[in-house]
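Here's the structure we're looking at; comments come further down.
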Amino acid sequence: MSYAMQLLDSYPRTFSLDASLLASTIDALNDCAQACTADADDDLSEQDVAEMVKCIRLCLDCADICTTTAAVTSRRTDYDADVTRPLLDACIAACKSCAAECDLHAMMHAHCGVCTEACRRCQRACQDLLATIA
Amino acid sequence: MSYAMQLLDSYPRTFSLDASLLASTIDALNDCAQACTADADDDLSEQDVAEMVKCIRLCLDCADICTTTAAVTSRRTDYDADVTRPLLDACIAACKSCAAECDLHAMMHAHCGVCTEACRRCQRACQDLLATIA
Amino acid sequence: MSYAMQLLDSYPRTFSLDASLLASTIDALNDCAQACTADADDDLSEQDVAEMVKCIRLCLDCADICTTTAAVTSRRTDYDADVTRPLLDACIAACKSCAAECDLHAMMHAHCGVCTEACRRCQRACQDLLATIA
Amino acid sequence: MSYAMQLLDSYPRTFSLDASLLASTIDALNDCAQACTADADDDLSEQDVAEMVKCIRLCLDCADICTTTAAVTSRRTDYDADVTRPLLDACIAACKSCAAECDLHAMMHAHCGVCTEACRRCQRACQDLLATIA
């Protein structure tokens, strides 16, 4: 059981969202942030770094947005749907843009393939969570 | 001239946004992140901390979202409006929720008054920037 | 295999550290950041929140420091031991302080027990990594 | 008066550090984080991006470490010198490495000159603050 799930399990109040859906989304967000941070660095080490500039930029954005979305969705106390909804929209957009660019490089660079997968999994998780709070 | 403005001035490519509007938005985002981080801590030190829980939570969210929005809007290379737009929406929502809650405590706690002002200034700046990229 | 490990596996250059030790440290850092962010929020929801103020503060610090340490240690390109070493020192100190405080509340609050464990695991991982780069 | 100073001024408890030294350090940290985030992006847009890889990497590290150090030093409640001291050490090291690398490119790229200055100012501020808490 992930720490996200363990901590939701021991949350002292009740909350309206499905705990296991929320925990798997938080895990996907943290995984995606890690994949994007590492992929941006892998790109920097490639000989064709000039071709990887857009990929680096989108990975940096996606890492920042996923980290923030993981923190905000982890907070259950006085939860504010008006903030969570557009933040999930932003995260879905960041994952989508990042996956599309990474996928272009996945044949050449295996790390971009891994990052594509992490972004797509995170995008789906955020969409599933968003569907339950709309 | 702020560092945000100096760095936009020396950006090697051209970009479509108004540089001084963008720089003042980035400055307002960084200021708001700082105000929210410090206000959450000030709240933790108040004797009526139990009354300040919602304020702390919203300040933590707003700080995280403003920090990320400052980083994403600072990046000009291969700029992606599809990510920036919903992120500004999320930031506007976070500033609005945080200001509304902080304002309730501003009479009792001067630090909440300062944070209200920082959030409102940041909200307006993000709205102005968003209006130019819609 | 975690994303941290997959991305280290596909890193295009060579690097001097043991990849599996590094990957498990990065995983422990991300897990600890998540546990601390969620524990701070769990604390905010407790009826005895006034007793939990120190715990909240140390969890916020530990989350921030672990997130940053995960990002910095994930970057292999032009690695700088002079930065990594004191940062690991800071992270070890943050995990130690946070675990010590959380442990005081673990009998009353199960979430503080989970966070204690995450901090101790992260502290050990950082110490093991630091031992190989001293 | 910066938001950092205004919020320290309205902090509800007493604290041992000099408020104006602390506020100017927090301001220098936030300025340096902004300069490094923007400089990394400016570097990505340069035609000689392959020569800028080390600079980008160190700017990303320095931005992350400065942002975290600003947040941790902004928290006054149950302040922990054992965490703050090594974190300031790490921040001083990051600023020093980043300034040294940026300075090599300052003749070619004006943005690297701006970032060098922000890093050096931040390094001095952190050293001055550290001297008062040793």
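The first chain written gets the first letter, and so on, giving A, B, C and D; residue counts start at 1 in each chain.
Here is the rule we use: a contact is a pair of C-beta atoms (placed from the backbone, for glycine too) under 8 Å apart; a residue touches a chain by one contact, two chains touch by 3 or more.
Quick caveat, the model's predicted, so the values are computed rather than measured.
Peer 1: Computing the C-alpha centre of each chain, which chain sits at the greatest distance from chain B?
Peer 2: Using the mean of the C-alpha atoms as each chain's centre, the farthest one from chain B is C.
Peer 1: I want to confirm something about chain C and chain D. Since they are copies of the same sequence, is their interface symmetric in residue numbering (over half shared, so same) or not (under half, so different)?
Peer 2: Same-residue interface.
Peer 1: Fit chain A onto chain D over the CA trace and report the rotation angle, somewhere between 0 and 180 degrees, nearest 5.
Peer 2: 180
Peer 1: Approximately how many whole Å separate the CA-defined centres of chain B and chain C?
Peer 2: 27
Peer 1: Report the inter-centroid distance (CA atoms only) between chain A and chain B in whole Å.
Peer 2: Once rounded, the distance between the two centres reads 21 Å.
Peer 1: Name the residues of chain D that each touch 2 or more other chains.
Peer 2: 41, 44-45, 53, 57, 60, 67, 71, 75, 77
Peer 1: Can you list the chain A residues touching chain C in their complex?
Peer 2: So the residues of chain A touching chain C come out as 2-4, 6-8, 10-13, 26, 30-31, 33-35, 37-39, 41-42, 44-47, 63, 67, 70-71, 74-77, 109-111, 114-115, 118.
Peer 1: Looking at the complex, which residues from chain D come into contact with chain A?
Peer 2: Residues 40-41, 44-45, 49-50, 53, 56-57, 60.
Peer 1: Quick one: which bits of chain B touch chain A in the complex? Just the residue numbers, please.
Peer 2: Residues 53-54, 57-58, 60-61, 64-65, 67-68, 71-72, 75, 77-78, 80, 82-83, 85-87, 89-90, 93-94, 96-97 of chain B touch chain A in their complex.
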